[in-house]
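The two complexes that follow have subunit A in common; it is paired with subunit B in the first and with subunit C in the second.
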Partner chain A sequence: MADAPKLVNITVNGKKTTAPAGTLLIEACKQIGIEVPSFCYYPGLSLQGACRMCLVEIEKMPKLQTACTTPVAEGMVVNTESEKVVQSRKAMLEIVLANHPLDCPVCDAGGECELQDMTYTYGAAESKFIDIKSHRDEQQWSPVVFFDRPRCILCYRCVRVCGEGMDVWALGVQNRGQGSVIAPNKQDHLECEECGMCIDICPVGALTSGSYRYKTRPWEMNHVGTVCTHCGDGCLTTVGVRRSDTGMEIVRCDNRDKSGINGDFLCVKGRYAFDFAANQERITQPLIKRDGKFVPATWTQAIELVADKFKQVVQKDGPQAIGVIGSNRTTNEENYLLQKFARLVLGTNNIDHHRTADFPAFAKAISENKARTASMRDVFEAPAVLLIGNDPTEQHPLLAWQIRNNVRLHRSKFYIVNSQAIKLRRQATQFVQIPTGAEARFVDFLSGNDAAAGTLTQAGASNENLSQLRDALKGEQNLVVIFGSELRGADISALVKFAAPQNAKFICLGDYANSRGAADMGLFPDLLPGYATFAGAARYQQEWGADVPALVGMDLKQMFGAARDGKLKALYVVGSNPVSRYALDPFVLQAPFVVVQDMFMTETAIAADVILPAAFAYEKSGTFTSTCGDLQMLRKAGDVVSVKSDFEIVVRIAEKMGYDVRKLVPFGKGLRADMGQSRGAQSGEADRHSVWLQARGLEPKVSPFDPLATLDEIQRLIPGYDVSQINLVSGNDEHTQLVQIQNASIPSHPELVVPSNDTLFTSGTLGRYSTVLNSVMERRATGKEVAAD
Partner chain B sequence: MNFSDQLEARFADMLGHYPTKRSVLVPFLLYTQDELGYLTDEAIEEIAQRLDLTALEVRNVISYYSMLRTRPAGKYNVQVCTNICCLLRGGEEILEHARKKLGVAVNKGISEDGVFSVEEVECIGACSWAPAMQVNYDFHENLTEAKVDEILESYRKKAQQ
Partner chain C sequence: MGFLKNVSAIAKGMSITFGEMFKPTIVENYPDGPGPLRGAVFQERFRGMHVLQRDENGLEKCVACFLCAAACPSNCIYIEAAENTEENRISGAERYAKVYNIDYNRCIFCGYCVEACPTDAITHGHGFELATLNATNLVYRKEQLLAGVPAHVGQNVVFNITEAAKQKMITK
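And now, the complex of A and B:
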């Protein structure tokens, strides 16, 4: 580590302060609560000095200086509010406004526009310019990006974030001076990653999005911070919702408040692919199949039917005749509840989910080698990063962002081993291209098997390259090692063993928003929550006050096999589409009684006897665990009145089956307050209490549908999840660790791992029903890579 | 795409003159324009690729310089200065006259036969002999309307040879 930079003394507006040498004046002022207005300055991007809004007076300097490009110096005396400064700000704003259309009443940015705010705070009341403003019509550059030239104040933030931040370089500046104009890379349209970073970073309404423009005003929405529902990286996103006929409609997603691990980053999915929620084809009523056709039913009818059938099967054919498949997109609480439902209510260990990474093997490797997992934050801070397999630009956009910016801003080292020339190689210190499917052999080589090198060499990976890489890696301390689903089973152990002595931390990449959570919560036929084998079932039985079934259950493929053989009589599929993901024959689902909980008519849902319409992540609360193990809280933003959360549905089925729901969800424990359910003389006070709790992001744990009660139980049972709940409810991420409860050998089934192979523009079932993603893909020619700066 | 041998040789030579590849951009654009008449989409792509730039970056630079163009000009590009010295000595009238004479209405427009185009430009550094104009790379100074007629006529003849 380099020595901490020296502190220098400066005086701003009479206040004495210190700042590390090299700090920009604008930042030093911010530290002591003095705002220097700025447009073009943006932390983390290169300095521009274009807008002149940040001019300040510095003693001994004849002219005003830009605070955004001037580093502090010893003895500097600065005035940010002198008459000269105030006057120049007014003039700057006047020039900016000279050609600004001032169409604030219809502009998307109205109400959250930096130019409005600046004019309000620093501007002059009159404009001396009387010339006619030059007008240009609004242009559509892509399904996502629209450009309204006259509103642009030429701060070049968009150009920089697209190039430096995204490494896409799709925006440029053309012409010069007053006539400068932001231009897209294909002359009249854009070909890019459609992330929308440029739109949200634009201080004014010059860049607007196809999905939000002219739809609503910022103050007409409620803004709810929650976790992205797409990939496993765990970006926070702020969902803007508005009342509609059917509940709360989602109008936009962004992260302008820079909350969460992702700061202001979101990819196209996190920012725009929420539209599937309002897709016409969404199932919003329970459906029961009668004579081969789905007929709408009431919730009561549907739940009663499901409960009756499940009970019948359990009684008649035994619990082994029923199977449960969970989801990578439901919350931890729902996943946990579902496995508890299977094990206690149905009495079977026949529970599984679509596995996209070998998390059990990872848990085993971590605990065996006393290694640690890395959080998404570590990826931005680590002095060196090794990536084996996967293509983060496509599959883990936030991870790619973290790596790129770590390299750019911290000059971290970055090593890649991949069978494809993935885009991130542009940031790599060393990139070694190995043959397809050779990732495991590379790990073997790392572990010291020099003979393995022979099978790895090809153009782009000579013996020398490989040895160089291995030596370099051995020299890296505090390295973060990231690997994709190419590595499974024992290879993971070998990799962890190789790097653990260097104080390395690890990330195992799985697909979908909560695939890690699904694994951590025990959606396995042979593992309990926290990757405990049945040998360690005693702890669980004590907590649950019931026995865990002794028999190891069937995995997903075995369940389909049993269905084909007529042994499986009922199947309960929650938020998953195994027919399509595992290319299974839907025909085998004809015989058993199949219940599917989903939003859309998937290949699996078509084969169902009952479909229960489910809410998705933005419509409920609970927690997600990112693929790195970062635990974060979801908050209910959208609402469709006729659907229910998976949590509520499971509880209702259990209740109808005659199970004591208090044993399933430990609600009401330790809290005796009347939360206003009983109307009486004191109900006002109870309501106030409830309001108080909600204002602090806390929910009264008095309802059987309350996921937080289940989170309590999860935190009691799974050691790595023992993190601060207060931090979680305040919207922070808490890194969980993979702590193995007992030292039993964990069964691993690498053959069951099937990566989703989603791209930047696909997202399983949800992506298929997203209009934005579909239109982006339609317009997209085969994307060719561009030169970097 | 292929450039003439002469241009290729020039490009190869220029690469050695600058510390970074991208520095070759502006001169190379100008030489290419001289050869092709204007910077075609194809040429822009080619140059971008050779210099490890995006086509967008090349266009950004082209748009910055008024002497670089992405649309064809006439065989003889008549550039009339209307900056301050020329303006004071009748530059605007000269421009107007040239336009009328050649039947070119808009700035950077081309005459019907494709021989001439007319462009209004800023100072060309011939202030001492204002009003002045430049036809391709040749300067013509101390202009009067009659002199302009003569000059244009000589170019028309050249074009017919």
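And now, the complex of A and C:
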């Protein structure tokens, strides 16, 4: 570690303070609560000194200085509120406003505009100019990015965030001086990753979002911070919701709250792909198949039918004739409840989910080697990062952002081993291209098998490159090792064994929002929650007060095989589409009684006998575990009448089957309870009152649909999950460590791991129903402008 | 003396009564008077039912900025915004109010909405006959609140431009 920089003494507005040498004056002022206004300064981006709003008076300097580019120096005496400074700020604002159209009533930024705030704070509301303001028509740069040139104040934040932050370099500046214009990379449109960071970072309304344009105003919405439902990175996204005919409509997503693990970042999916919630094709009432056609039914009818059939099958054909398939997008509580439902209510271990990474092997490797997992925050801090396989730019945009910015801001070392020339190689210290599918052999080589090197060499990698890389890696302490689904089973073990002695931390990349959670919660036919084998079932039986079935269950493919052979009589699919993901034959589902809980008519749902419309992540509360193991809490934002959360549906079916709900959901027990997360934005006074009661433990009962009670149980049972719940409730992330898991075991099916192969613009089933994502892809395919809304 | 005092008191009172008989009447003849207001007379400043104004081209002045809804202390204004298009131009700016409801169950006629309006779109009219036997009738929709199209729109060639003529003007 380098020595901490020397502290220097400065005086700001008569206040004496110290700051580390090299700190920018604007940051030093912020530390002691003195605000120096600025447009162009943005922490983490290069310095610009363009807007001149941060001019301050420094003693012994002849002219006003920009606080955003001046490092503090010993004995500096600064005045940020002198007459001269106040006057210059006012003059700067007047110049900015000279050509700024005063269309605040229609501007999307109105109400959350930095220029509005500055004008209110520092004056200059009256213009001395009589000339007509220059006007240019608004331009559409992409389905999701609109540019209104007169509103632009030329702070260049968008240019810098696009280039430095995203490494896309799609925005630039044309002309010079007063004639400067922000311009897209392809004449009149953008060709980029469509992340929308430029829109978010724009201090005014010059760049606006295609999906949110003219819909509403910031103060009209309720803002609910929750976790993104798309990839496994676990970005915090702020969902803006408004009352609508059908409950609470989601109007936009952005990252107003910069406190999440994603900081400033949000990708195209997190920002725009929420619109599937309001898709016309969304199923909003229970459907029962009669004579080959789906007929709308009431919830009572549907749940009674499902419960009766399940009961019949269990009684007539035994519990082994029922299979349950869980989801990568439901919350931890729902996954946990589902496996409990399968094991206790149905009495079978036939439970599985779509696996996108070999997490059981990872858990075993970590706990055996006493190694640690890395959180998403570690990726930004680590002195060195090794990436094997995967393409984070496409599949894990936040991870790519963290790596890029770690390299840019901390000069960390970054090693890539990949079969493709992925975009992140531009940040790499060393990039070694290996043949497709050779990742496992590379790990073999790392572990000391020099013979493996021979099969790895090709154009991009010579023997020398490879040994150089191995030597470099051996010399790295506190390395973060990230690998994709290319590595499975024993290879993961070998890799962890190789890097663990150097105090390395590991990340295993799964594809969906809660892929890791689904694995942690034990959606496996041969593993209990926390990757425990049935040999360790005693703990669980004690907690649950019931016996865990001893027989190892069928995995997903075996279930479909059993259905074909007529052995499987009922199948319960929750938020999953195995027919499409595993390319299975949907016709085998004709014989068994199939219940599908989903939002859309998927390939699997078509084959169902009953479809139950489910709420998705933004419409319920619970927790998600990101692929790194960062646990975060979801809050209910949107609301659609007539759909129910998966949690509630499972509890209702169990209840109708005659099972004691208290045994399934430990409600009424424990100290913690729902603090309002599941009630949504428009909860009202009555709910706030009950939150108060609950917070003080005065409320006599909590609801059986309260996922927080189940979180209590999860925290008691799964090692590593016992993190501060107060921190979770207040919207922070908590890292769960797999190392605490004892006797983890590997189910022997690495072949069941099927990566989703989503790109930046696809997101499984949800992505298919997102108009914005489709329009972005259409735009890229056809080159024609497509409106997003 | 007490007797005289009583008489003078009655005389004083009656003098006011008789005096009033010869003054012109100031009672409004509502609801039997003439005109659309049926005899009701208002000060200009009277704050009655709102009117959503149009500009000189007949376009709505409201740009759906939601400031009236934000200013409203009784939270009685509900707006849904939408974007103007070339084919469907409702207001002068980029955005217009697709839905504009005022709930007169809640409105307290304070006039804050009128003060807040940046485009002078919402004004207080003199409508006051809002009583109804059914409270749901008191939610007024935009169509009920809008001012009429100015009389000159559509009256002559200047104010009656057809789409074809407009295209011709642009291409010239």
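Heads up, the rule we're going with is that the second predicted complex is superposed on the first by the 742 of 789 C-alpha atoms of A that agree within 3 Å, B and C clash if a C-alpha of one lies under 4 Å from a C-alpha of the other, contacts with A are read in each partner's own complex, and residues count from 1 in each chain.
As a convention for this text, contacts are C-beta pairs under 8 Å (C-beta built on N, C-alpha and C of every residue); 3 or more make two chains touch, one makes a residue touch a chain.
Worth saying up front: this structure is predicted, and the values here are computed from it rather than measured.
Visitor: Contacts for A:D103 in the overlay, against subunit B (first) and subunit C (second): which applies, first, second, both or neither?
Guide: After superposing on A, A:D103 lies in contact with subunit C but is clear of subunit B.
Visitor: Is A:E220 in contact with subunit B, with subunit C, with both, or with neither (first, second, both, neither)?
Guide: Only subunit C is touched by A:E220; subunit B is not.
Visitor: Just subunit B (first), just subunit C (second), both, or neither: which does A:D547 touch?
Guide: Neither subunit B nor subunit C is touched by A:D547.
Visitor: Return first, second, both or neither, reflecting whether A:E751 touches subunit B, subunit C, both chains, or no partner chain.
Guide: neither
Visitor: Based on the superposed arrangement, let me know which partner A:D660 touches: subunit B (first), subunit C (second), both, or neither?
Guide: neither
Visitor: For A:Q174 in the superposed arrangement: first (subunit B), second (subunit C), both or neither?
Guide: first
Visitor: For subunit A, which residues belong to both interfaces, subunit B and subunit C?
Guide: On subunit A, no residue contacts both subunit B in one structure and subunit C in the other.
Visitor: Please output the residues of subunit B touching subunit A within their complex, sorted ascending.
Guide: Result: residues 48, 52-57, 59-60, 63-64 of subunit B touch subunit A.
Visitor: Quick check: in the complex, which residue numbers of subunit A touch subunit B?
Guide: Answer in residue numbers: 169-176, 183-185, 187, 786-787.
Visitor: With touch defined as at the start, can you tell me which subunit C residues reach subunit A in the complex?
Guide: 63-67, 69-70, 81-83, 93-95, 118-119
Visitor: Would you tell me which residues of subunit A are touching subunit C in their complex?
Guide: Touch list, subunit A to subunit C: 103-106, 110, 138, 213-217, 219-220.
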